[in-house]
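Take a look at these structures.
Same chain, two partners: chain A is paired with chain B first, then with chain C.
Right after this comes the complex of A and B.
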């Protein structure tokens, strides 16, 4: 079987040369071993730069919000988590399905460069996936390590490694091996209210209000965000804990029931706020109150927070 | 030159904290940032880049500076006091250089008196870097990983001891108060520092050369690049977040806002980011930087062309935070390369 890294170049070249799409969004490589970033290819020349490697973590579907404005069709590569985000954009009616071509990529987990660095694996020139192992290439030679030890936490709990929606699947489906995703939430549920308040206050106080968590989020696709409205300014610009709390709690409520648990908020946070845990608390509560629901799996399923049943529980109104 | 056994550092910090508010790299929840010292704080002097640079100590993310009160047709304004003396311990040379770069703008005429007062209240103790990180490129900007010319006191980690050298009157005044804790350094100390500086600089310069991150000629190369297509490639993946600006040791743009209720309120200034859409949004609704392309171009042109044109120094210190933390790897070294300054 051909390597995925070659297949993506072929399919992109084909779609572009046949005029099936105006643009292909994929990933390309930077100077440093962990830099794999979004690339926009409109003609033959960029195709050779397209890559697939263990660092292709940025979700490409958000770019559709801008790119589709002046194009008739755009192709993007979607991993399992990206496909969930894409479906959420569909469900929120922000993207038209027929204007997008999806190449599905079964993903067996991506590598967190900080975990490698923490284990002393620095100054690398390349990191390759080989089965269950990573091949770390440096000037000193090659070293093999267990891939699962260095994956993003979010990948360790991934339940949808294979895209749930696609036009063309590239590669063989992989088996999901999810760890329990609510373990972190359960730990936080065990501590007292005061301790939990103190925990989150300490986390939020580190926030620098860069909005990376919002800007990367496939559930945050509002044309105008409440936090950007200058008048009235709901979110004050001062670096105050109350403003930090307001921002994060309101954002969590806004994406409740629509968060696809892709974990990008946690990945992009420059100050390591455990934001995925906050969103997972909402997911867990929704599951417990209204039955299991996975946002992004099927855009036709009605989301529990936008439907009303007379037998809906009202436990949260009782204290 | 003086030295102090590293085992005695907690005693030194306790003394410094008696003199002034002491900030140093402290680890909490796995994150190392400059924080006020308190007994038992998990001080971490091994980390090169704290998650956020110590810029906020001289230029807080937000600071209240006056209180106002309206009574009838009379407006009363009461300026608020700036925090008192403070010491920053363990600032890395790149981060100190960042502060020196901001000084050029804020201390130039017309002087930003709020900034000046806070800046004058601080004493900065730098810690030279022995080993650069993979994303370090301060040598591109003629800075030295192992030495900070702009600190009030320089220190170096030599294993068992920290070498200590006051660099100006402010540094000497503080050093004099620590006489019983500091001892005279051996005759070989100066040579040891020299070697540490040279080793660190040559190691980093080799990496910079290998990656092609040299910055020579970039300012000149950018002079005719305002309408260049290099920006089309670079901006397109930008998410429009403020990671790069808020983690940058030299970014210094701010907004002025009020908290007001009824007839009274507080006026504060706070960091702002040229990456945000509303940064240049005018009251009449127009925006001279309507898309992310103009915003990204502005950020890099400001760092690599406008600032050096005004102050003869690039507004980048090569700390590598934006390289590491941009969610989509928009990397100033890519701009430097794309600008094509180095022959």
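Right after this comes the complex of A and C.
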């Protein structure tokens, strides 16, 4: 079987040369071995740059929002979590399905460079996936390690490694091996209100409000964002705890019931805020109160907070 | 433990978002029936409990509220038919989340009070005020500037 790395170049070249799409969004290598960046390929020149490697973590579907403004059809590569994000954009009516061609990539987990670094694997030239192992290439030669030890936390809890939607699937389906995803939330639920307050106050106070977590999110796709509008100015500019709380509560609330749990927000945060625990708190509560719901799996369903049942329970005393 | 002067003199500030069609009318009825409820309560009239965005709730806490209450029509009695069904889901999710951030859940309550329930309006306001008085001032989400 051909390597996926070759297949993606072939399919991209084909659809561009046949004029089926105006643009292919994929990944290309960055300057360093642990960087794989989004690539925007419009003609033959860029095709050779396209890659698939253990660092292709950026979700590409959000780029459709801008690219589709002036293009009639765009092809993108989607991993499992990217496909969920794409479906969320569909459900929120932010992209038109006919204008997108999806190449599905079954994903067996991507590598967190910081886990490699923490284990002393710093000066590498390449990292390859080989079955359950990673091949770490450096000047000294090759070394094999267990892939799961170095995967992103979000990949360890991934339940949909195979894209739930696609036009063409590239590669063989992989088996999901998800760890329990609510363990972190449950730990926090156990401690007292005051301890939780201290914990989150400490976390929130580190936020530099760069908004990367909002900008990367496939569920945060409003044309006009409440955090940007000057009138009324809901979010002030001051570095003050209550402003940080406002940002984080409202960000998480806005995606409640629509967050696909892709973990992109947590990955891009420059100060490592555990944002996924916030999103997952909403997911867990909504599941408990209003029934299990997996955002992004079926764009035809209604998100749980935009619908109701007349006999719904409440998390307050109804009298 | 000694009680500070501030705590001794503590009078909680309760912000109530009252739905125009039921709870606000319930408050009016309490007034015209000469039923008293604590002056700690400040009512802000909204068209429907589902109009209450979490932004309002957080802003109230930031600007000095010790407790926030949303009061709307009983489920099934919404003037707009379904508004309070949406509110029930959304405010439930919000209440649990505030608790997760460390805010005592008693500080954010939701009650269904109809236009004919003047006595209930007065009773709920009294109970909420006493609960918050016992909890003490909210210092966890206050804009200290």
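What to note about this one:
Heads up, the rule we're going with is that the second predicted complex is superposed on the first by the 315 of 319 C-alpha atoms of A that agree within 3 Å, B and C clash if a C-alpha of one lies under 4 Å from a C-alpha of the other, contacts with A are read in each partner's own complex, and residues count from 1 in each chain.
Here is the rule we use: a contact is a pair of C-beta atoms (placed from the backbone, for glycine too) under 8 Å apart; a residue touches a chain by one contact, two chains touch by 3 or more.
Being a predicted model, the structure only gives us computed values, none of them experimental.
By the touch criterion defined above, A:240 lies against chain B and chain C together after alignment on the C-alpha atoms of chain A. When both complexes are overlaid on chain A, the residue A:271 reaches chain B alone and has no touch with chain C.
In the superposed three-chain model, the partner touching more residues of chain A is C, compared with the other of chain B and chain C. Look at A:140: by the touch rule set out above, it reaches neither chain B nor chain C. By the touch criterion stated above, A:216 is placed in contact with chain B alone, chain C being left untouched. In the superposition on chain A, contact is made by A:206 with chain B only, not with chain C.
After overlaying the two complexes on the shared chain, residue contacts for A:198 are found with chain C alone; chain B is out of touch.
Using the contact criterion defined above for the overlaid structures, shared-chain residue A:312 touches chain C, although it does not reach chain B. In the superposition on chain A, A:30 contacts chain B only, with no contact to chain C. Comparing which residues of chain A touch chain B with which touch chain C, the overlap comprises 238, 240.
Interface of chain A with chain C (complex): residues 185, 188-189, 193-201, 226, 234, 238, 240-243, 245-246, 248-250, 252-253, 256-257, 278, 281-282, 285-286, 289-290, 304-306, 308-310, 312-319. Touching chain A in their complex are the following residues of chain B: 28-31, 33, 51-52, 60-62, 133-135, 211, 236-237, 239-243, 245-247, 255, 257, 259, 268, 270-273, 276-278, 281, 323, 325, 327-331, 333-334.
Within the complex, the chain C residues that touch chain A are 54-55, 58-59, 61-62, 75-76, 82, 85-86, 88-105, 109-112, 140-145.
Within the complex, the chain A residues that touch chain B are 30-32, 35-40, 58, 62-63, 122-123, 202-203, 206, 208-212, 214-216, 228, 230, 233, 236-240, 264, 267-268, 270-272.
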